[in-house]
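Handing you a structure now.
Chain IDs A, B and C follow the sequence of writing; residue 1 opens each chain.
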Amino acid sequence: MSEKTNPGNFFEHFRVGQRIVHATPRTVTEGDVAIHTALYGSRFALNSSATFAASLGLPQAPVDDLLAFNLVFGKTVPDISLNAVANLGYAAGRFGALLYCGDTVSTTSTVIGLKENRDGQSGVVYVRSLGVNQRGEMVVDYCRWAMVKKRDTSVGAPEPVVPDLPRAVDSSELTVPAGLRVTDYDTALAGSPHLWDDYEVGEKINHVDGMTIEESEHMMATRLYQNTARVHFNQHAERDGRFGRRIVYGGHIISLARSLSFNGLANAIRVAALSGGRHVAPTFAGDTVYAWSEVLDKFSLLGRRDLGALRLRTVATKDRGCSDFPYKDADGNYEPSVVLEFDYAVLMPIRR
Amino acid sequence: MSEKTNPGNFFEHFRVGQRIVHATPRTVTEGDVAIHTALYGSRFALNSSATFAASLGLPQAPVDDLLAFNLVFGKTVPDISLNAVANLGYAAGRFGALLYCGDTVSTTSTVIGLKENRDGQSGVVYVRSLGVNQRGEMVVDYCRWAMVKKRDTSVGAPEPVVPDLPRAVDSSELTVPAGLRVTDYDTALAGSPHLWDDYEVGEKINHVDGMTIEESEHMMATRLYQNTARVHFNQHAERDGRFGRRIVYGGHIISLARSLSFNGLANAIRVAALSGGRHVAPTFAGDTVYAWSEVLDKFSLLGRRDLGALRLRTVATKDRGCSDFPYKDADGNYEPSVVLEFDYAVLMPIRR
Amino acid sequence: MSEKTNPGNFFEHFRVGQRIVHATPRTVTEGDVAIHTALYGSRFALNSSATFAASLGLPQAPVDDLLAFNLVFGKTVPDISLNAVANLGYAAGRFGALLYCGDTVSTTSTVIGLKENRDGQSGVVYVRSLGVNQRGEMVVDYCRWAMVKKRDTSVGAPEPVVPDLPRAVDSSELTVPAGLRVTDYDTALAGSPHLWDDYEVGEKINHVDGMTIEESEHMMATRLYQNTARVHFNQHAERDGRFGRRIVYGGHIISLARSLSFNGLANAIRVAALSGGRHVAPTFAGDTVYAWSEVLDKFSLLGRRDLGALRLRTVATKDRGCSDFPYKDADGNYEPSVVLEFDYAVLMPIRR
């Protein structure tokens, strides 16, 4: 028998400071973009239209920022989270260079923290993952942490290192992609008259639409991202697993929520930062996902009078509309329908 | 609470003569074409093969005409038919410039008629929708009418205006795409020896094959077209809706019928006109769609001895083969299996 | 009524030596590649990454060899196996020029054998099918045989001709694509440290992962290949068919098995030969496919010290993991879970 199959890393294999080169650099194509559109129905004009992109000074339509994120995330799975019990959180995420069709993303991760659980069966692995394009420019750079099983429980616990991650990405870290200018921004073509000026901190937006997920859809998405986590694909094994069925990859819900958010946030032309995110509950095929957003903060951007930023919390639910903005109850527990909380910043044109 | 979500227009919001610029111009890509092939299995050589397209004088393979149609239709939904009860018909449709990968389609509509229903709860909106490429050339130009709800039933009925739409597009309005020549047309590569000369008015063709529709397929198609009509996507809401389940977008059936029609009409290289269409009955996931066609008329084209036109009626059914050409009963009512009647013109090479 | 629908060829229509030009040459695009990735999750770096391909001397990422195979196979179906009862086997397959996005594959077949069954109801048709690119270079060239029904059983049996097909493609027939060099091969980016040197004849590799098939997935794949065999698409007809449901196209299982084989054979950068294959049992939606491989042989390639070949047998199962390498029982009968046996050769870098 052969030992050539990749078993993934277990908790005891990680070392703080370790740098991991992830396999299979990935060239993004128009095919990926079309599948992304077919799976999520995203309508952001900047990502849909070469002419709209040209009107904003860009050479072609950049790919959706969350497609970039999911491609980078997918690369990290075989090395970081193949043996994860749970994907616990995200922080300190920034989006840099726009990703264009034809670009190739390469991904590396650095272990920035390790903390074994008291039972000695698993531990939390903190990594910072960096996706760069073929010119070495940062496309997305973010931290996540996951609870990873130990295989050899006789190995002692490492010195605990818990990184000091910011509660939110600071506005000074938000960057505007090179060349992007919105002097000719056309709100009719973009799909909404509501610009940065029109959003208020504390404002809540019900994105109204609901989207039912099919097994083939979430699997196609997750395979497109070359994410190899087994719980998404194998009904034969999951039948006897924790939930009796395949679990939808969390990034699928993030992309779906972002797509639904077009209805109310059509001018949120780019995701600039990822401050946090929690997959509050699992999602399954057959579930219908809804979303709403709250404006957590508004920022000006240094040296820009044309573009501002909004910090948003987008909450996704399953099988429950969001007209009353379900989130947490009085005790601070999530409402049962909530599946995702996503804290991020977007860029939006300012009215001239 | 925010009012930034697009509620769509209601009947009382439309005015005759009103021009609507639809959001999200759409760049068509090879990705869209591949998904179209994967969803419908279309085999028309002109759309499948760069070398075949080159042999007909074209710079690359144009995208399927119904993909162009569905992309344009999709754009109109958020403004025209988000609150529609029914999509009632099509007329006066013409296909102009071929659409190529890399082209961007922009869509506008003009309200050409309004007629409130007697109950004051809804009315029929007639629009002419125009999709143009990035050079402003007409790609598809067609009329449709839909029954749209009123939100504020206290608003009085507008002066009724019912446009005078032709029963069929006149053959003088059919255009041959610039550069298309069929002197080197290879019937072996095209998949059928039957040319324009071989079809007779009144001839009926059973397209034989049946295709079962899955939920993920019709949703992927409809999202690819960025069509936002809610009844296609949300099982959680439709469970309590009219049919208890998601309804397949009518344009999906049109594309499927056109694709099935390859078997018997392989040399119908382009759709040139859309004279009429009715979605006779709803289609659902699990239904198997079959199709047959009747040649309604044959036209010569002014100044062309190489290409002629056929006016076709393609009828699609569900869960019933078409060897006996199901259509209407003696009383003029549709047979229960019929889901679509589509009246259109195609271009076909003439034998040399 | 019209006779313009293609009924396919029946056994009595074939003649030894007959050459068939298959319809619809097919231009391969980035869209096809993305759908292939979304359906199978393949991660081979050479097919996923333009930069990785460039590091091996290639102008862009070539498409997956089995996508090329399935596209060529699909073309042959309307003429060869539309009336087939069973697809019996493959032999003598070679892969030549790499297929790149933008290339157009044209396919022809030659009938190389015919043998009517004793009952006079059907017979075995042997064909050699050749897919070439737009420069006429061989992309894939293989033999297959299928049992095809007779329509007119009064036609007498032809002189039986059974071609002498090799049990395995000889190593001297394996070619390395022009320009491919692996001097800069990066195993970290490729996803595995195991090179040609590390594999031993007789070694068995469990590819571990399982993938559950959905109806929409196998139908999308099969339509993408423009394969028209009816048993894959029509639940309304198959409900009363042999299995009561749609059958998954065998090539879908081959592609899935190859994709699963990445985990253990990540450096098998190209399929060079197809020596044999049997679709041992049908696969249906809902089945979970697993795979394992055995190294049947190892070859050096004439004049190459950088690349060697492995002859592999990959076995796919349904609803059964492969940790104990299920294959045949003591009597030589396949284990009930086995659905595919695939005998092929791959190229793999040699350690420097």
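The definition used in the following text is that contacts are C-beta pairs under 8 Å (C-beta built on N, C-alpha and C of every residue); 3 or more make two chains touch, one makes a residue touch a chain.
Computed from a predicted model, the values in this text were never measured in an experiment.
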item: Copies subunit A and subunit B touch via same or different residues, half shared test; value: different
item: Angle of the C-alpha superposing rotation, subunit B to subunit C, to the nearest 5 degrees; value: 120
item: Computed distance of Cα centres, subunit B from subunit A, in Å; value: 36
item: Sites on subunit A at which at least two other chains make contact; value: 29-32, 34-35, 214-216
item: Touch list for subunit C against partner subunit A, complex; value: 29-35, 37-41, 43-45, 48-52, 61, 188-192, 194, 198-199, 203-212, 214-217, 263-266, 286, 288, 319-321
item: Contact footprint of subunit C on subunit A as seen in their complex; value: 1-2, 4-6, 21, 23-27, 29-32, 34-35, 78, 101-102, 104, 106, 134, 214-216, 219-224, 226, 228, 230, 233-237, 246
